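Consider the two complexes below, in which chain A is the common component and chain B and chain C are the respective partners.
Up next is the complex of A and B:
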């Protein structure tokens, strides 16, 4: 409403953004920027999430591994995820691999920490049962500790969606020249303010969509968890 | 009807003591406890809450090891979780896996054993029938009432035909009516399987109703207070057995013994 008749160049009227979006939303644009962004985001997210869960499960279940790795992971985790992006670019260049890697690393740590803590605090009685049934270390981790940690891991995974999106944008802005983040920063620098807004709005829609998709997926992955807790 | 030809374990507890380190002070919970359980016998360990009954049961199972003395199962010294045990605890919600159906929960003890699929399926079916859950095998534990969940736990403890059944207040979390039902269920299954059974309970009526012999734990650190045989005829029946003069005599003795 406020912006309807805006003449401020930095805050164009929605109608202008929409017009600009129609001209920029060509198949080319979608297939390059969005595809690249989604590759970075989903690739990085899944790699980071799977590694985070596996490492968290193994480290969290063994007391000596916890003692060894906690100071190391705490240190690496304390470096802001954004600050790690230039390091990864220095190591891997500015291609797809380095963007995926940046997102993975950013997703890995929160997921690892949540999984580690959840797996380290499995109910003693479940563990007693596992020991009496003759379960070994491997079976106890994957058949008892991990499923028992479902709720906490899902919460960690959900928080990591936003982290992934954030790091995706940053890694694209930092010199890749490709993807939604690059499109936004390029539009801003070349004073294509309407295009910039288009990119921002698409990023917003993407974040919203991913969050909703996560809520649907998590109920498919662990239906028992939501039904047993009567979470709607 | 007896199932299988294997007999129950014989258990010997030889002078065990247990203490826990509490920051820097050592708290002795159990002191110099000795007793034996014959093959097929049902022993009740009775004591007030917090006396160390569950700790004693964990030591017998091998889940924890005593600071002194030893437990022998069929003359073998226990030094870790012992094979051939069934364990049922008070808190079914913490011992069943909520991510698995009833049938898959009951199947869990087979995972680390080498049993063919057909044998496994047959045994699961049989045990679910014997606890009256054959129609609930596809449900999840949280879809069942407390009494039914405890039946699942009992089925899981019995499915591999254990030779020693350890029961830690197994009826304490269900309501009074279900409790009597489960007592009779356990009594029947213990008889069918000819399994040695150790029942830990704070309930004196339950101890007498279920057991062939009762020992009490009392004091701090806890030791064995009294020990007596329950000379009530079997099979027992909730109304008739509990109405017998001998039952109330034993009940009085046990009550006074625990107060001492």
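Up next is the complex of A and C:
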């Protein structure tokens, strides 16, 4: 409402943004920019999440590995995710592989740390039962430790969605020339402020959609964890 | 439970870090992923330069200013929203939407309207802190014990006294987690602003190293940022553990 009759060039009226969006959002645009962004986001997210869960489960279940690797992973996680992007670009260039790798690395360490902590604190009674049933190390990890840690891992995965989106935008802004991040920065450089706002709103909607989708998924996969969160 | 780090474990950690680093250097090529000793030699050169300390101090200063501004804004918004049921319902959707937008996407807008300066970094980082923290404070206020509110009503406490004596103590335990996470995010945002928009600070140093293809310097900056990141996290965890001894953060 505040912006309805706006004459500020940087904060155009919603009607102007809507008009601009209608002309910008063509099928071509969707099949290039949006498709590229989603490939980066989903590809990077799934690779990072799977590696994070697997490494976290293996490291978290062995006391020696945990003691040795926790400081290393803590240190790498403390490096702002954005600072890792130029390093990956220096190694892999500015193509799709580099963008997917940037998102994967950004997702991997938070997920790894959450899994590591969750797996390390598995109920001793469950572990005793697994030992009595003659489970080996890997069967214990996959049949006992990981299922018991599902709730915490899901919380970590949900937090990682926002990190993935953030790094997707940055990796696209830093010279890729394609994707939503590149679209926003290109619109600013060519003074197409309405287009820039279109990109911002699409990214907001994408973030909101992913968050809500994750909550639905969480309710399906671990309803008990969701209920305990509501009680808290 | 405090973990006693034995010297042998520390040695193993260092050894494995060295092996992993050198393996990466071997696989990627030393020109792209320099040897650890090359990076450490460059780091030693970097930390004796005055320009480095200026950029480090500036980054920390910008982070601190943004953090304080963000905390004040988040507290004000949260108090206004959480103490008014209809206000909370009306703003929930907007807050969720704004929180879902990756903050860095506002950077082009800020650069266009404010320019590429330290002010840009502070504004963006303050925005990030505000929207990260506001939900924690709203949740904290929402979890205030209703009996305490009844006591406050009986004692006829003024609005500000009620905030100081009732809401603040109820919120602070939850908000401290938000403060810790926000501080790290503020630092990351100031660095991101430097890398993307070239605002002064550590981010600009890293951007310059990348532009000049000076990979040892690039890795030196990344190591410095890791140390600062660990330091910020530790600082807030220590404060949190000192203030709330009954619930330890890890």
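The rule is short, and it goes like this: the second predicted complex is superposed on the first by the 218 of 232 C-alpha atoms of A that agree within 3 Å, B and C clash if a C-alpha of one lies under 4 Å from a C-alpha of the other, contacts with A are read in each partner's own complex, and residues count from 1 in each chain.
By our rule, contacts are C-beta pairs under 8 Å (C-beta built on N, C-alpha and C of every residue); 3 or more make two chains touch, one makes a residue touch a chain.
Model, not experiment: these values are computed from the prediction.
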Study note, to complete from the structure: In this superposition, the partner of chain A with more touched residues, chain B or chain C, is C
Practice item. State whether A:91 touches chain B only (first), chain C only (second), both chains, or neither. Key: second
Review point. Given the touch rule stated above, what does A:211 touch, chain B (first), chain C (second), both, or neither?
Key: second
Exercise for review: With the two complexes superposed on chain A, say which partner A:129 touches: chain B (first), chain C (second), both, or neither.
Suggested key: first
Review point. Counting only touches as set out at the top, which of chain B and chain C does A:192 meet: first, second, both, neither?
Key: neither
Practice item. Scan A:200 for contacts with chain B and chain C and give back first, second, both or neither. Key: second
Practice item. With the two complexes superposed on chain A, say which partner A:83 touches: chain B (first), chain C (second), both, or neither. Key: second
**Study point:** Complex contact set, residues of chain A against chain C
**Key:** 10, 67-69, 71-72, 74-76, 78-87, 89-91, 117, 162, 165-166, 168-170, 173-174, 181, 184-185, 187-189, 191, 193, 196, 199-200, 203-208, 210-211
**Study point:** In the complex, chain B residues that touch chain A
**Key:** 58, 61, 63, 81, 83, 85, 87, 89, 91, 94-95, 97-99, 108-109, 111-113, 140, 142
Point to revise | Parts of chain A lying in touch with chain B, wherever the complex brings them together | key: 123, 125-126, 128-129, 131-136, 139, 143-144, 147-148, 150, 222, 224-225, 227-228
Review point. Okay, in this complex, where on chain C does chain A touch?
Key: 3, 5, 9, 12-13, 16-17, 20, 28, 32-33, 96-109, 111-113, 184, 187-188, 191-192, 195-196, 203, 206-207, 210, 213, 215, 218-219, 221-222, 225-226, 229-230, 232-233, 250
